[in-house]
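Below you'll find the structures, each written out as structure tokens.
One chain, chain A, links the two complexes that follow: it is found with chain B in the first and with chain C in the second.
Presenting the complex of A and B:
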């Protein structure tokens, strides 16, 4: 028996590793180890008032803090039967787009790109080839500007509250943001040029099940309350209230992230899943970009998630621009949040964080205090699928060369864009 | 003069303070011209895990034995240790209500397996090792990080406001959420540095930067009580982000 261990996975958020045990040529076991300490935020949030919940649970993860915060608000609003204004919906979608631009730019350029070009970090890469790193940093800055303008802060937004926003952004700031977004449109072309030029990553093929939010409109991150699971032409739909049937989580000894499966099979969430599940196929410029990236759906290669992120990056910039145009056309109003009347009950909400499906579900008492909270994060949902793809990559590495395997597994792990702080989440025992 | 060797680390937390550093997009490349980043696992895969460091910056709280071991090892190799963010300085949300038994919660959540996970009572960094400087905030303000690097490069201690959020809020001429609207705003007892970001947006301060040490707590408390908020409720709010600084 020989073992390949990646002690601490670098260039990802959080603390995790990979362990592969080989019995001769056979793969005996593959593990995605999570060392992240359990913060126990779900049991700790019990007893807190409804307005304290989002600010606490956004702290599950900095990179996905908009997604955690807005999913939390959506769940609370569902529990109390609150319907927010169309302006609030648009501003929230804009925050999601901003977060996704920031997160994808961070992941593609600062975390994943160095692997393709054989550098240990983007900072080392920048010393030799500054252009791609500066491109990534420009887009990352743009995503942060959107989050700051609408959410009040790039990390852990403060402006979005139950029922709406503290204050709508001033028109001048939206106009300034619009011109930054217009300037960024050509950067989108450069992203596709760059990703299309990267060496092929052809070392892991596998039949893959994909799951993503089924959005009724253009807002693929925030709108809707159904999940669609897709595999080779078969489709299944799961409603927000029944999300537990989707996740069927189990605790495993090597990880504080619980593992998920759908009807016994691991599934993948994230950019590639969103593109696969979304019935609106990319059109026009995006269709051309997809062709240039040689991305065919449904994909059988998890590394294609990087290409899907590049496509989303381009699309998010354009969609953010459309939203701002619409807000300016309609005239931004200084709305106050919808008044909150707490009532006893349960509310669940499903959204798409940059790295995939995110679910928050709370039960409140009649004073608006939490009696139970449950959060299911994309990296936890992906953990079983990552392990499956690690296994396929080892099996498909003909000579079982240790250095090659180690490099490939790290690249696959990064392609999933894991957020390991997120993955450590806790579920009430039923 | 050779560039100071710097390490940037995260214990248990949301990585938001490391992300705040990476959010200095316009300054990152200038920064690496001034400091020699030797170990930064979130951003680089060739970290030197042994070398001596002039400055270590550590975010997150200690909630596992592994965190405590890593922190002691970082302390041992570093001349100066900077606690980065509210979790590192005050325990943060990971240490919220820290008198609750973690082992029991783990078992409740993970069942029998919960007993096998690495866990210890949640703590701030200074409860385990000597901390030289604190940069608070949830997350830190990136400008505070840049200013701290500039100070440390000059051999000066980084300095931050010692007055409450209210001072900044008044400078921005906001209406007072506590006095005029009777909302539970933690501005009078929370340390400034955020430019009153939340009250500026009509959102009450939740105390995410931790308590102000220079304030007159008696007069602040009298103000809260006058508005009908009892002492226990105020303390409970502050203990959410700064459980280590506020006794239960």
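Presenting the complex of A and C:
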């Protein structure tokens, strides 16, 4: 028996590794080891008032604080039967776009790109090839600006509250944001040019189950309550309130992140899943870009998630621009948040964080205090799928070369863009 | 655009990590500084300030540093060590982020960067500075002023 150990995955968020055990040429086991300590944030909100929950739980992640904050608000609003205004929906969608632009730019250009171009880090890459790093930094900054303008600050937004927004963004700030987005549209072409020029990563093929928010008629990360699971033309729909039938979480001994499966099969969430579940979304310019990237759906290669992120990055800039145009055309109204009448009950919400499906669910008492909370993050949902793809990559590495396996596994891990720190949960012993 | 930029780095909820923030807040009230320099608190993500520092002649970063030196000591350096242990995937350390911007942004290449470092004993979740670090804030502010002719 021989063992390949990647003790610490570099350029991913949090602490994780990979262990491969080979019995001769046979693959005995492949583990995605997650040893990040439990975060205990769900117990922290027990007993808290409804208006304290989103600000606390946005702290799960600094890069996805918008997604955690807005998914938390949506779950609370579902619990209390609150319907927010169309303007609030648009502003929240815009915040999601800002976060996605920031997150995808950071991942593609600073974390994944060095792999393709054979550099150990973005710092080393920037010394030789500053242009793509600058492109990434510029787009990341644009994402930050959207979040600052609508959410009040770039991380842990303060302006989004239960029922709406504390304050509508001033028209002049939206106009300035529109100008920045228009300047960024040509950057989208540069993103596609760059990603299309990268060497092929053809070392892991696997029939894959994908899950994403179903939005057949709307390009959204935020609206909707149904998840579609897709594999080989087979489809299933899961409602937010029934999310546990999708996640079926279980603890595994080698990971502080639980593993999820749908009807016994691991599934993948994130950019590639979103494009696969909503195949009619790529239209016009995006469809052309998709052809240039040679991305065929449904994909059987997890490395294609990087291509899907590039497409989303381009689309996010254009979608953000559309939303601002609509807000300016309709006129920004100085709305107050919908009044909250707490009541006992449970509310669950599902959205699309940059890394994939994000689920928040709370049970409230009749005073509007949390009695139970559950948060399921994209990386936790992806953990079992990552492990499956690691195994396939080892199986498909014919000569079992240790260096090649190690490099390929790390590239697959990074293609998932995992946020391990967000994925760890408290495991209760029974 | 003012030729000098002064960034106070740090997180006010992490005790002495906020030393840079405290120095920037002190300097922002001093018109002899703000006549020549734009002063702001930059939190923990220097990359968010990339637009504001682009094109400056000199960028002065004020930050807390925990490296075993006597708490409250102030040092002025051109290039702190790239502390990769404290950087992570979604957040580079301040030194790494500055280095990344210097390499990637043409507008920053002529700029001179200087770090004013306030040494701290530890960084932990609490509000307010320790007595030793609080006492060092005027000296750190004076060190910044000395860099602005």
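Just so we're on the same page, the second predicted complex is superposed on the first by the 420 of 430 C-alpha atoms of A that agree within 3 Å, B and C clash if a C-alpha of one lies under 4 Å from a C-alpha of the other, contacts with A are read in each partner's own complex, and residues count from 1 in each chain.
As a working rule, a contact is a pair of C-beta atoms (placed from the backbone, for glycine too) under 8 Å apart; a residue touches a chain by one contact, two chains touch by 3 or more.
Owing to the predicted nature of the structure, the values given are computational and were not obtained by experimental measurement.
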Chain A as common anchor, with chain B and chain C clashing or fitting: clash
Most chain A residues touched (candidates chain B, chain C): B
Which superposed partner A:214 touches (first chain B, second chain C, both, neither): neither
Contacts of A:141 with chain B and chain C, given as first, second, both or neither: both
Partner chain in contact with A:11 - chain B first, chain C second, else both or neither: both
Which superposed partner A:62 touches (first chain B, second chain C, both, neither): both
First, second, both or neither for A:43, with chain B first and chain C second: first
Partner chain in contact with A:155 - chain B first, chain C second, else both or neither: both
First (chain B), second (chain C), both or neither touched by A:120: first
Stretch in clash, chain B with chain C, out of 59-67, 95-103 or 149-157: 149-157
Doubly contacted residues of chain A, that is, touched by chain B and again by chain C: 11-14, 62-63, 106, 110-111, 122-123, 126, 130, 133, 137, 140-141, 144, 154-155
List of chain A residues in touch with chain B within their complex: 8, 10-15, 35-44, 48, 52, 55-56, 59-63, 65, 106, 110-111, 114, 120-124, 126, 130, 133, 137-138, 140-141, 144, 152-156, 158-159, 161, 165-167, 251-253, 256, 258, 410, 421, 426-429
Touching residues (chain side chain B, partner chain A) in the complex: 10-17, 19-20, 22-23, 25-26, 28-29, 32, 37, 40-47, 63-64, 66-67, 92-94, 96-97, 100, 102, 105-106, 108-111, 113-114, 116-119, 122, 138-139, 197-198, 200-203, 206, 208, 240
Touch list for chain C against partner chain A, complex: 43, 45, 47-48, 50-51, 82, 88-91, 96, 99-101, 103-106
Residues on chain A engaged by chain C in the complex (per definition of touch): 11-14, 62-63, 106, 110-111, 122-123, 126-127, 130, 133-134, 137, 140-141, 144, 154-155, 419
